[in-house]
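After this come two complexes, each holding chain A, first together with chain B and then together with chain C.
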Partner chain A sequence: MSKRVSKSGSITRRRLLATASAGAALAASPLGINLLQAQTAPIRIGMSMPQTGGLAGGGKPSLLGIEIWRDDVNAKGGLLGRKVELVVYDDKSSASETPAIYSKLIDVDKVDLLFAPYATVPTAPIMPMVKQRGLLLIGNFSFQVNSKVGHDMWFNNAPWGPPDSWATSFLDIGQKAGGKSVALLTADQEFAQNLVKTTREVAAKRNMPVVFDQAYPPNTVEFSSIIRALKAAKPDIVYVASYPPDSAGILRAVNEIGVGDNVKIFGGGMVGLQFGSVMENLGSLLNGVVNYNSWLPEKSMYYDGTKEFFEKYTKRAVEAKVDPLGYYLAPFGYASGQLVEQAINATKSLDQKGLAKYLRENTHKTIVGPIAFSADGERKESAVLQAQFRGVADKNIEQFRTSGKQVILFPESLKSGELVSPFEAARK
Partner chain B sequence: MDLLLDAVVIGVLLGCFYGAVSLGLSVSFGLLDVPHVAHPAFLVLASYFVYFLNEHYAIDPLVAGLLITPLFFAFGLVAYRIYYETFEKRGSDAGVRGIAFFFGVAFIIEVLIIMQFGVDQRSVTADYVGKALRLGDLRIPYRLLVAFGVAAVLTILLTLYLSRTFMGRAIRAVAQDQEALRLMGTNPIRIKQWAFGIATAVLGVAGALLIIVAPVEPTLDRAYIGRTFCVVVMAGLGSMSGTLVAAIILGVAESIVLTMFGASWAPAISFAMLLGVLAVRPQGLFGRRS
Partner chain C sequence: MKRNGIAFWIGAALFLAAALLMTKVVSNQYPFFAGYVILQFIALAVAWSILGGYAGYVNFGTSAFFGVGVYSSVFLVKAFGAPLPVQILTAAAIGALMGFALGLLTLRMQGIFFSIATIALTIIIETAVTNWRYVGGAAGIQIQRPPVSALFDNYVQMLFFVQAVLVVLAVAISRYIQNSWIGRGLQALKDDELAAECSGVPTLRLKLLACVISGALLCAVGAPSAMYLQFANPESAFNLNYSVSTLAMSLIGGTAHWSGPIIGAILLGTTQQLLTVTISSEVNVLVLGVMLVLFVVGAPEGIIGLIRRIFRNRNEGRES
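Coming up: the complex of A and B.
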């Protein structure tokens, strides 16, 4: 694991003079040296981030979002008069790497604050340790990792909200389109299994029969056989919970084999269809799919700083060779920084319990909208979008910067169109 | 019944794809005893070359695969020479240290791909990608039909090369008795280097198939280490036609399990088959008892 300490900000001549004068004055007194060190040492935020492996396509833009926040906050003078520094390790998208990395961040690097890695799988194994140590942890798009751990200093930046809201919104849309039976196709790992568990429960409450329920292993490369079996079950609603490497394979197989005329709605929880390169690669294969998202370029989704953030992101994404769009994760990485920034500024301290109390009891203004947390550290209200891909052409990433390519079906307050159904018709 | 027939057809095609990506390993590991765990990383590297040619010069992926074949042949010659000079030449524990060498090479290739292309998935465009042939209710993806055809051609060419040409026979000879070849005045290391070049050259076309069948990302090689070694060992080390047949058996078994019994069982079934074959025939399905 390679460590990266990233610093930023250029120093002007005037600031250099002012700093030097102040430093000289402080150093003149015996106590001054310690005081100077304490006051000028940067606030260090530690995290692992998938920068290689299957989750790197999400980890890299997420980290870039956090880095843009760090640069913005340092340009404003830092926090408590101290610069902010990030200590980042590559966890290789692996759950087996993160416990050792976070032990090192806490015991060796002695960072001041912790951010979780992107995604559920690398985050899940560090939860017991963070709880045991009584540390604040800002979550990064993991799903239900705190449901059994019950850590009261966990705050997830993701818009998920209550665990069943994701499944509820998708099945609502499917039922309104006339869907009665459900097929579940899921990756055999933590995130997807958590997601599909709630979908099973919601379907059972609504007396919707589950006619197909399969979990595929994460290294599956060819989905033709699975899609053929799914088609044979003749479901009305197909709920897919997949990770990026699989999502492309599933959609390609769906395009070749078909899923049958019964299907009213297809998608739901496919990770990857939010990433620019995957969207560009899949192009017209995306048409008709209804899938979750976190941010889309619709008028209603711009808050203070959102536009400025994406201007900076678009420039830096080219240099960093990361997702050119960055809608899904990058603004939420920035929002993670805004959460701790507001908590530190309000409490004037780095005391983790104090910061957690502040985060729990207040609503926070961020570039992805106001965020308030419930007792389990998830959003009080779900802000997950369900959107349908429409009129997508092949090999054109710029088309996704315009509105109308992903029509928002849920939530009602942000709705920008109606579902086109059945799925086979929507694909044309 | 339709579902079973469908699973068998898709399985045969999928097996041919597995066979095509395993043929190079059948030469390098099966015939030369080189513990080439970087074989899938070479494969992914080839698919990125194909992606580059397809994306920037609109060259058909299969043609691009053929174009990079000489480059990969030269790459194979250099890779084997480095391996030989630094590991194989030095003694009896070369196998274990060789594994470490090739793991290192695989990681370097991964990092180089990430630095050059980033971590995102890449895919190619071609007329036969994303469409399917309809035969009644049966739909067969063209990309798998392409894999089937290429695998068959590659197997025939390699089999003919190894049995009908002087160099091919020399490669078989070096696999059987290196010292005997040396006594006949031939440098076995040169023969092995040539064979490793052939094994790597095959990956040019196999890499094209990899990116035709599914999008690739830099760490995809890890998903293929188990499968390719499983196919080669199950076939019996060094048998080209055996490699294809073993791959088809694996593909059909995987496809039937995926379709009829549930996807979770697929990897377990593949390796259970391997263990079963090794228990009954330790030399593999088509290997000769030594």
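Coming up: the complex of A and C.
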């Protein structure tokens, strides 16, 4: 027993010596090797992404889009001869998690570039931080998050454009169909409230009377009384800004009660009607609704690489168990990568100021169309689609892959059909 | 007792000195961001334990108090551009009033009924703030930090130190309560409220006092959070996660001694921070859940209870 102890003791000493000398050799390694490593080390892009919590349904497909870009760019040999690597943390859909995560990305992981998490709430707390440190940030579908901060190195991948463009496009379509009065139905949540605020302002500018203006608490499930009150107000245009569970509740109530023959156009800002599972569940209840979207499988929406992207996405979405369609966010995640790819290739460097200057001054080709930025880092022109659901059958997700199920009414350049109005007729 | 007191204050002074030294020596920002969150949870757990631990009144309204702290800061900054100390003091005063009102309205309820009433409080206040457009309403509000005071290099380091001071304050108060007549009274009413009342313990007054102190501290801890995030929205500020985490930390640490919530918060808070930047997926939620179940089954009185049991067993073993 005692022999064994002494033997293992001597081995430990020897090992210790060997380890120490190896450590010393490593520490004293020539500077040349380190420099070589820096040149061949991967370019690291850091981000947090909601993978649990309320925003996970959007965060996961968005991340998959970015991962597909990473694999494509690495297959082409990477950027500046270096592979691209993603450093991703889960922010649990919460604003209180992101400051620490981005500090870790910047100060500990020392990533080369930053992408923002999906959505406004997790992004808002990191805006002042990146501004203070002078870092480039590619936004991911957040809404007007830079309007107060005024960071000149912020570029949002979302097609939003000027803040009032959503309201303008929807009310335009409604007015052309003969609509005069407006009803507003809004969830008491961040995104919906931002949308309805601009709608109120645009309606006031155009002297369109708002005959019904109702906000409902988040998590409302029963809408029949609200829809009855809305119907009684006899509006021509109904603008709804809602979240996935309530979008479904509202459409179910409308199906039972109806909204009256006056209504020319119904929808506008209903979140959820862009996600495969929600659309599959609602099926024919969607018919007639005119709603915003970011990408749809209409002929006018295909650019260089779009088709190939969706072929890859469709395969990988099954493995990753995310939205099988992935139209709303995934191609824009890919486009975020394309933005930095073009900027890095053009400037031949990772200098954040140089990249920002390039992104601000040029138009960039992406799989979601050409992107140009205005001074606030949002799109110069809105590319938010307003599309009408047509001929949707129940319980069939595959039908949404064909064109004609969501006919694009706005913008003019991407239009793929005309509005069917009034709403009650379009529902049939 | 006296020697203990001196040791405690020396410990507290050393802790604050270490926190201050850290802000001077460490240039990497991440430890301050992560440390702030952990310190915040320590202070919350200690404050919660005053009512939830000593008196045994399980308060699910931590997020209500925390959120009110956040929004009182938001209001003060927007309306008057008030500095951080004013924000914290005002939040504490509002928290004390809120605790008093909550106490008056609900402390005659016991057990689960009191807990349900505190959840209702969170929902009511969150709904009110959601509809208060001046502080951003449902859309939330972004706020700009003022320049940092001369003592610190940047604002997050200052917030880290401020939170460390709040931790010391909360622990000192909690420790004082445990060792004074208030703690003994609360202990008595926790064991049997009717018996305590019959023995002359002023139960309602004691509970009210615990509610006021706990409320003031919870709100005060929430106040700097507005400046930490530079953003506030009702969903984040009144997130039920604050209530659940605080409760879990206190229970895992043990509520019988003032140090229990500190141990629980350090353990759980650090684990949460580590998991966020390591596993970082659905798995981290699972790990926390499993940890909770293990502690509830294996150590129903928390870590403090476990340690006491081990010591007791050892002593008994020696005697026999």
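Heads up, the rule we're going with is that the second predicted complex is superposed on the first by the 397 of 428 C-alpha atoms of A that agree within 3 Å, B and C clash if a C-alpha of one lies under 4 Å from a C-alpha of the other, contacts with A are read in each partner's own complex, and residues count from 1 in each chain.
As a convention for this text, contacts are C-beta pairs under 8 Å (C-beta built on N, C-alpha and C of every residue); 3 or more make two chains touch, one makes a residue touch a chain.
What you see is a predicted model; the values in this text were computed from it and never measured.
Student: What is the contact status of A:285 with respect to chain B (first) and chain C (second): first, second, both, or neither?
Tutor: first
Student: Per the contact definition in the header, classify A:107: touching chain B only (first), chain C only (second), both, or neither.
Tutor: A:107 contacts chain C only, not chain B.
Student: Identify the partner contact of A:97: answer first if only chain B is touched, second if only chain C is, both if each is, neither if none is.
Tutor: After superposition on chain A, A:97 lies in contact with chain C alone.
Student: If you stack the two complexes on chain A, which partner ends up touching A:275: first (chain B), second (chain C), both, or neither?
Tutor: A:275 sits against chain B, while chain C stays out of touch.
Student: Of the partners chain B and chain C, which touch A:188 in the superposed model: first, second, both, neither?
Tutor: A:188 sits against chain B and chain C alike.
Student: For A:217, is the partner it touches chain B (first), chain C (second), both, or none of the two (neither)?
Tutor: After superposing on A, A:217 lies in contact with both chain B and chain C.
Student: Contact-wise, after the overlay, does A:339 reach chain B, chain C, both or neither (first, second, both, neither)?
Tutor: Touch status of A:339: no partner.
Student: Does the superposition put A:52 against chain B (first), chain C (second), both, or neither?
Tutor: both
Student: Can you list the residues of chain A that meet both chain B and chain C?
Tutor: In the superposed arrangement, which is not itself an observed complex, chain A uses residues 51-52, 188, 215, 217 for both chain B and chain C.
Student: Report the residues of chain B in contact with chain A in the complex, numbered from low to high.
Tutor: Interface residues on the chain B side: 2-3, 6-7, 10-11, 14, 17, 110-111, 114, 117-123, 125, 129-132, 139, 141, 144, 213-215, 217-220, 222-223, 254-256, 258-260, 262-264, 266-267.
Student: So in the complex, the part of chain C that touches chain A is made up of which residues?
Tutor: 28-30, 32-34, 36-37, 127, 130-131, 137-140, 142, 144-145, 156, 225, 228-231, 233, 235-236, 239, 241, 273, 276-277, 280-282, 284-285
Student: Flag every residue of chain A that touches chain C in the complex, lowest number first.
Tutor: Touching chain C from chain A are residues 51-52, 88-92, 94-97, 99-101, 103-104, 106-108, 120-121, 124-125, 127-128, 145, 148-149, 187-194, 197, 215, 217-218.
Student: Can you list the chain A residues touching chain B in their complex?
Tutor: Touching chain B from chain A are residues 51-54, 56-57, 60, 93, 188, 214-217, 219-222, 224-226, 228-229, 232, 244-245, 248-249, 252-253, 255-258, 272, 275-278, 281, 285, 321-323, 394-395.
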